[in-house]
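Please go over the structures that come below.
Next come two complexes, and both contain subunit A; in the first it sits with subunit B, in the second with subunit C.
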Partner chain A sequence: MIRALTTRRTEMAPFLLLLPAVATMLFVVALPLIFSLWTSLTPYKLTKPNTLYDFIGLTNYVRIFGDWDFWEAFLRTIGFLTVALNVEFALGLGIALLINKITWGQRGLRTIMMFPMMFSPILVGFQFKFLFNDHIGVVNNALQSLGLTNRAIPWLVDAKLAMFSITLAEVWMSTSIFAILLLAGLFAMPRDPLEAAKVDGCNAWQVFRHITLPFLMPFAYIAMAIRSLDVARAYDLVAVMTDGGPAGRTELLWTLIARVGYDEAKMGQANAMAYVSTILSILFTWYFYRKLVAARRYMGGAE
Partner chain B sequence: MKLKTTLVLGTALVALAVPAMAQDYGSFDGYTLRVKLIGGAQYEPLYAEIPKWEAATGAKVEIVSSKNHFELDKEIKQDIAAGTLDWCVGSNHTSFAPQYGEIYTDLTGLIAPEVIADFVPLMIQHSTVDGRLVQLPRHSDVSNFFYQKSLYEDAEKQAAFKTTYGYDLAPPETWAQVKDQAIFFSNPPDFYGFQFVGKDEAITGRFYEMLVANGGAMFDENWVPTFNSAEGVASLQFFVDLYAAKAVPAGVPNYTWDDTGLGFGSGSIAMDLDWGGWSSYFNDPANSKVAGNVGVIRAPKGTAGKRTGWSGSHSFSITESCDNKPAAASFLTFLTSYDNQMVEARKGLLPTRSKVWEDAIAEFEAAGNTFSAETMKTFQASMSEDAFTPPLIAEWIEVSNALWPKLQAAIVGDMTAADALNEAQADAAEIMKDAGYN
Partner chain C sequence: MTVTVQSRASKQAKRIALWFTTFALMLVMCVPGLWVVLSAFRPNREILAKPPVWIPQELSLVNFGKVFGFGAEQVGIPVGSYFANSLIIALTSTIIALIIGIGGGYAFARYRFRFKGGLFLGLMLFRAVPGIALSLPVFMMWSKLGLVDTKLGLIIVYVSLNVPFTIWLIDGFFRQIPQALSEAAQVDGCTRWQAFWKIEFPLAKSGIAAAGVFAFLTSWNEFALASQLTRSTDSKTLPVGLLDFTAQFTIDWAGMCAMAVIIIIPALILTFIVQKHLIAGLTFGGVKG
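== the complex of A and B ==
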């Protein structure tokens, strides 16, 4: 009898030890999620707290599913995410490879490389907004002074250029995250396969293509998973540079959600939008984790 | 010894300062007044005066939050949602006030009637929502028309303008003249005749005041949106035409207040409709290329003979849940007192007390600062005769958010002015219907 009790107590121990962690997770993650899910089923307005108790079913969801402005912002966010992540990866890889080659001053360069990450996105937004000002901005003035153009290029207004300008600011700010993570991968890379490849007569491109890059891909996918969550939440930078305009040309999910939730105080509808947008984040995270597992399997690592 | 002298001197100064206060602010010994105030360089000099009120009343002021107005707005909405309105005084604005429902108390009865009588009557009217005086105006804003004087004095330009347009080149009296002159002065990409703020509530406000000046209205008497009227289309067409003619910078759909202010100061814009707060910057040779060459007149008239005059006031309110309303009312009276409005007026902010207007102008004239005196007179006239607020309803910002992307779409040529306004009207009508207006 005593033995059975002791066994049960031993069996319970892991669960009891996990209880504080589970309770904390429930409190800080599950509870807000359930609360925001509930608000998305109500006409909740911040300025009218009583609306929190009016259940309206899926009305908010039906409304946003039929709202083309929302879907445009949704698709634009996917496009922005795809372009920004790929460019950041390509540039980050290039920078990491170059810094890896340096033997003197590498630490200093690594620190300098992290400078853009130290600025708040709001400051970066203001900086690029003024750089790209069509009339008094540095970019247009430089182009005109160099005789490359005689017109004022509307960087933040033109349908294509506006998204390009925002992407450029985003890339400037965040490429170093990729560079740092990929550099860490390069540092961790064993020398043996590289030397073996050289002995076998592989050229530099073949070494890079078949050894270095596959080894780095797990690092790249981790960076992409993290960055995809960041970029999908892009708000400050875009809010400062264009605030989704003009005429919705640079509207992303979170500029739209913040406007509906705070300016208009319609938190119920904003939460419905936010719930749909989390699908996007889940899809991207799932995709990158699948790629990560595949890349590790390719390298013969543990799954 | 030196420390002792300083202490004695300091005590003497405080002792002198307290009886020097003209108004009796009452005694609230040991009470701590919790306040949320708008922060930023131009607002801070007033807050440096707060220790005087503390010394006079024995109360303490705890600034629990100091943020820009948009951040403060979010915070207040969160406080309403969370039921944490545990503070007494908050910065407010005439455009924001209607959304907050009844969280702010009616100041009638709390603030002495003779104090309220010292304010410009129109400003008190603008601070009243549903018959309740929910805020005491601190300083006001209205836009007036700045221009580069030298352009109008150039004989060659005068002759060329007359030949093309058939009337004399002079600072514009109507918006139709602004359009002619903007196109005439423009030489893109180096020089533009005009500019305007092109996004957020800023472009809604510009469109709205043009609509009113042209004889239109945002809503009819039943709160049905009517801005897609013929007057509305004509008002929007003004902006569309200037953009298409390249008489404004190509980036204007992304401009807000800092862009237009800096743009005019750069010397490459002929005319600018802007807030009074920019006037000292425009005339400061250290920052502005148009210093000494700035003219200012009242905003031009629309086709209905009315001047544009979209206006708003920064203000202070007292929460309904405040545990010591008399102390809060005393604090509001102090913050908007004659002396304190003079402090802000000297920095270029537009006062809301009638006497401060007169005395600030006299002070500028006595100091030989004719530009500031002229600017102040111009703004005084427009504040008392031309100024009007947006409709004081809780849905204003929401309607504005439905409208401004469509205004932009017309300006950049994605749709016609009529189509843009029709689409925005349908969205705005839905918002008003949801809010239970019709």
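== the complex of A and C ==
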């Protein structure tokens, strides 16, 4: 009898411990998501509260999927993330390999490397808005002082240059997290396989390609999984730097949601877009989480 | 003999070259941030000067005084109350998230139960909801509950934002502590609670502190939700306040730079203190879990 009671209590313990966490998430995330799903099925406008109770089915979704502005923002977001994440990974790997080679002053280098991580996205956005300002920005000032150009290059006004500047800001902000996690991976790497490969006559590239890189992949997936949790922070960057302009040419999915929802007060339609972006983010995170679990299992088997 | 000396010398030269390249690269990476910090100490007329003034002629704390409303000149932006709001909101939400996160992290690290993997993944996926997407329904709910433009409204949101990641980190730190320690204590007559409180908690303390710093910085830096859920000096935080500058006719770049430095100082200090634990927590919790 007593034993039955204690085992039952230990069974209950983890659920009791997790109850506050689950309750918070249900109230602040799950409940709003349900509400937002309902809203996306209505023509709700902030200015007309009663429209919250008109059920119109999938009309909002049909409308956004037929809307070229939405597709443009959607494709631009995907393109932006693809470029930014790949560049961040490549640069992060390069920096980690460089720092790993250095024996003297490594701690100092690691601290310097983390400098961009301390900047919030809103600050990074402001910083690059300041640097890329066509009149007083340091980039144009430097180019002019060096005599490379005598005009004010419109970094944030021209559509293509603005997208480039935003991507650069994003890469600056997030390369460190890749570098730091990959460096942690390099530190954790066992020496034996490396030495064995050298004895067997592998060259540096072969060692990197077949030993170092596979070992680092779980760390890369951790970085990707962490990054995928907050890729939407790019909203902050764009909000400060261009606010989607000029003429919507740097509009990402997230700035479009804010514009439709708050500026145009079309909550129903904005919620439909928000749902699409939420599902996208969740799929992205889930994908890298699965990759992480698989890589971890593979490593566990190799150990 | 000469060959080995030569090759050793060239190896040494290569190493030094590598060191300088890396160091230069890292410094270049820091330049954009350092430029903002430097500009915070320069007067606006030097920042706006044409042709540009490359070597700072005057450095002073005047911009900081102006931002906080000391001295004769003052910017029309209540940075002082934004600072107070940011601090209150970030601290309160961090403490609550840590309490919830310690419970959750301990449960994941020490117990086996049904739906464990699913629950963990579920928490993470909730965290993946983009801030701006979440802000729409939360804004509608909070307006019904009267929580828009209150500190409490933002605190509740930030707690939920921080709980999943806090659990992830703390789970990782508890896993590093051998379970045998608390079992031995229980054999010696401690209750599970005492074993936790006297043995496991003190050992995980630095890791928990790192998780706290992470949560604090997330709240301190958050913009997407705060920009929609705050309206006035009652609840506006520093990142939202930074945009107040752009609403003016002429942008006060020096003032914005000073405010940027005010936002970054706590982040700089805190990240520096916990950097080691943070990396350990992220990788250990992730790989060996």
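Following the convention adopted for this analysis, the second predicted complex is superposed on the first by the 240 of 303 C-alpha atoms of A that agree within 3 Å, B and C clash if a C-alpha of one lies under 4 Å from a C-alpha of the other, contacts with A are read in each partner's own complex, and residues count from 1 in each chain.
We adopt the following convention: a residue touches a chain if its C-beta (ideal position, glycine included) is under 8 Å from a C-beta of that chain, and two chains touch if they have at least 3 such contacts.
These numbers come from a predicted model, not from an experiment.
Asker: Contacts for A:I136 in the overlay, against subunit B (first) and subunit C (second): which applies, first, second, both or neither?
Answerer: A:I136: touches subunit B and subunit C.
Asker: Scan A:A204 for contacts with subunit B and subunit C and give back first, second, both or neither.
Answerer: neither
Asker: If you stack the two complexes on chain A, which partner ends up touching A:T242: first (subunit B), second (subunit C), both, or neither?
Answerer: First partner only.
Asker: Output check: A:L18 vs subunit B and subunit C. Expected answer is one of first, second, both, neither. What do you get?
Answerer: A:L18 contacts subunit C only, not subunit B.
Asker: For A:A196, using the defined touch cut-off, is the partner it touches subunit B, subunit C, both, or neither? Pick first, second, both or neither.
Answerer: neither
Asker: Which partner does A:L213 reach: the first (subunit B), the second (subunit C), both, or neither?
Answerer: It touches nothing on subunit B or subunit C.
Asker: Which of the two, subunit B or subunit C, is in touch with more residues of subunit A?
Answerer: Counted on subunit A, the partner with more touching residues turns out to be C.
Asker: Based on the superposed arrangement, let me know which partner A:M267 touches: subunit B (first), subunit C (second), both, or neither?
Answerer: It touches subunit B and subunit C both.
Asker: Output the subunit A positions appearing in both contact lists, the one against subunit B and the one against subunit C.
Answerer: Common interface on subunit A, subunit B vs subunit C: 135-136, 144, 262, 267.
Asker: Give the list of subunit B residues in touch with subunit A in this complex.
Answerer: Touch list, subunit B to subunit A: 73-74, 77-78, 80-81, 83, 99-101, 188-189, 192, 195, 198-200, 249-254, 259, 262-263, 266, 268, 394, 397-398, 401, 404-406, 408-409, 411-412, 414.
Asker: Residue numbers of subunit A touching subunit C in their complex, please.
Answerer: 10-11, 13-15, 17-18, 20-22, 24-25, 27-33, 35-36, 39, 95, 98-99, 101-102, 104-105, 109-123, 126-128, 130-131, 135-136, 138, 141, 144-145, 172, 175, 180-181, 184-185, 188, 218-219, 222, 225-226, 228-229, 232-233, 235-236, 239-240, 254, 257-258, 261-262, 267, 270-271, 274-275, 277-278, 281-282, 284-286, 289, 292, 296, 299
Asker: Please output the residues of subunit A touching subunit B within their complex, sorted ascending.
Answerer: So the residues of subunit A in touch with subunit B come to 46-49, 129, 133-136, 140, 144, 150-157, 162, 241-248, 259, 262-267.
Asker: In their shared complex, at which residues does subunit C touch subunit A?
Answerer: Residues in contact with subunit A: 18-19, 21-23, 25-27, 29-30, 32-33, 35-36, 39, 47-48, 50-52, 54, 99-101, 103-104, 106-108, 111, 113, 116, 119, 121, 123-134, 136-138, 140-141, 156-157, 159-160, 163-165, 167, 217, 220-224, 227-228, 239, 242-243, 246, 253, 256-257, 260, 263-264, 267-268, 271-272, 275, 279-280, 282-283, 286-289.
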